[in-house]
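Each chain carries a letter (A, B, C and D) given by its place in the written order, and its residues are counted from 1.
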Amino acid sequence: MCTHTEKIQSHTHHGCVCEVKIRVRYAETDQMGVVYHANHFVWFEVGRVELLRQLGFSYREMEQDDGCSIAVVDARCRYKAPARYDDEIIVRTRLKNVRESLVHFEYELLRFSDGILLAEGESTHVILDQQLKRRTIPEKYMKAFREAVVRDTQG
Amino acid sequence: MCTHTEKIQSHTHHGCVCEVKIRVRYAETDQMGVVYHANHFVWFEVGRVELLRQLGFSYREMEQDDGCSIAVVDARCRYKAPARYDDEIIVRTRLKNVRESLVHFEYELLRFSDGILLAEGESTHVILDQQLKRRTIPEKYMKAFREAVVRDTQG
Amino acid sequence: MCTHTEKIQSHTHHGCVCEVKIRVRYAETDQMGVVYHANHFVWFEVGRVELLRQLGFSYREMEQDDGCSIAVVDARCRYKAPARYDDEIIVRTRLKNVRESLVHFEYELLRFSDGILLAEGESTHVILDQQLKRRTIPEKYMKAFREAVVRDTQG
Amino acid sequence: MCTHTEKIQSHTHHGCVCEVKIRVRYAETDQMGVVYHANHFVWFEVGRVELLRQLGFSYREMEQDDGCSIAVVDARCRYKAPARYDDEIIVRTRLKNVRESLVHFEYELLRFSDGILLAEGESTHVILDQQLKRRTIPEKYMKAFREAVVRDTQG
């Protein structure tokens, strides 16, 4: 079986790291012959969603059942090497911090074939209710999020 | 003033034709050095929306105030020549047919600099209510749509 | 292992059918709460590329080593039911016809959870050389393509 | 004339600020009912390209004639308020810094109707040659870039 995207669980004592593999689509390239830089933020989103799933949550259900949206307030990417068409990319996602209504993720994009780091990023999100007003994270998520936070100091 | 996208009204006795000018974004190219083909359908949507505006309607208000969505049921594009980065493209849109809950649009994409036809397309849409169920077009739109239909037989 | 996208080979006597599973990204939805219709053409491309890989070819190598590009000249999609965020989608691709410099693909998009047909499509492509001029399909591809064509008459 | 996107020149003694107006496309929204956050980076690119044009340069010609590519090495966006479908957005771009092979841009996205700041961002770029190797900025660009840098200290 040849996978386009696959998820590899990787729990540690120090929190939870999620790895998901995607394959670069032709649509994601630009005329420089590499992946257009805005697509890295789409891949980060794929990583976040899979990290939530790894914690036992579906972001779809968070929205539908709990009326929680996770809105981006800050996103950044540092580009180290170009991702290319048909490359398999590992999106490695960590929950860096969580409090009240804020969640902070970190990302690494690695080329699967040789492990080269292609990009690093981070994003901060605020939890919103259905009226798009800020709200605290429901307790069932908060508990799991706190445990999932990767603590560098324990590293 | 240098415009990225501008709309040129062009009413005729035989219906309504909408022309809107857009400029190709780097994000829209792929590694073949031309515009990735799925983007033509995004440009068609820009054409539809401007044709509605030309008829005095805002699609945003159709959704918000009248609870009408226009969902695509069929879309097609025939590609004649590549669109390239930074090209200015004319999106020419016609309302081809309308009845009960169906609307049918036709499109041409032309390069502004030399008038070359880059692509032709068409799309059929069904009007939905807020529960995404099919509904008839509200009379205020229907009246304007009927008048806007481009009748080839009169051409 | 939880897969975003996975490929399921499915050869038959009557040609070659490729099935690849993808998961709908949040980025692919629009404010109607369903997948934006232009993305279906991106998924068709994922299907085409995997069908080529199933035949033993990498489209990346076709471009790099043989200087062959596969350019879309006609693409169409008929939308049957909405695809939604986080749905797993089967992209089923068939090679419908091939001759000289033309290739014709057919697609079905099915929701994995219940097998519902979400959309059907087709696309016609022309083989180009590095100067984006039409050329005949190199013999090594042509042979495999001919064998892969799904012949309805034998069905 | 109803413009989707239009450019408003705004030179000052302290450098060059480029303002370009775009209209939010349906394709750019997501199921939260707002613009998907990765699209802000596409709009920043529209801003950069228009700032270059305002300085008398075409990024297309930079690539074609001078073999210079401008590759992103760092990009960031801070989201203040949601951009919505059909909103007209002002993309305000400044050249913040330039040296040897690095260019640093700053952006603001404002809603045209009420002037509300929707997002702020910045990006750092490196100039590459056709082999995607770092090179110094050709002198004809460097001169114009230096004059265009917005100097806060003179503000």
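Going forward, contacts are C-beta pairs under 8 Å (C-beta built on N, C-alpha and C of every residue); 3 or more make two chains touch, one makes a residue touch a chain.
Source: prediction; values computed, not measured.
Peer 1: Both subunit B and subunit C are touched by which chains?
Peer 2: A, D
Peer 1: Of all the other chains, whose mean CA position lies farthest from subunit C?
Peer 2: Centroid comparison gives D as the farthest chain from subunit C.
Peer 1: Determine the centre-to-centre distance between subunit A and subunit C, using the mean Cα coordinates as centres, and give it in whole Å.
Peer 2: Spacing between the chain centres: roughly 27 Å.
Peer 1: Rounded to a whole Å, what is the gap between the Cα centroids of subunit A and subunit B?
Peer 2: A distance of 35 Å separates the two centres.
Peer 1: Would you please write down the residue numbers of subunit B that are in contact with two or more other chains?
Peer 2: 26-27, 31-32, 34, 38, 42, 45, 85
Peer 1: State the interface residues of subunit A toward subunit B in the complex, per the touch definition above.
Peer 2: So the residues of subunit A in touch with subunit B come to 26-27, 29-34, 36, 38, 85.
Peer 1: Quick check: in the complex, which residue numbers of subunit D touch subunit B?
Peer 2: Against subunit B, the touching part of subunit D is residues 1-9, 20-23, 25-27, 42, 45-46, 49-50, 53, 58-60, 85-86.
Peer 1: Within the complex, which stretch of subunit A touches subunit D?
Peer 2: 31-32, 34, 37-39, 41-42, 45, 63, 69, 71-79, 82, 132
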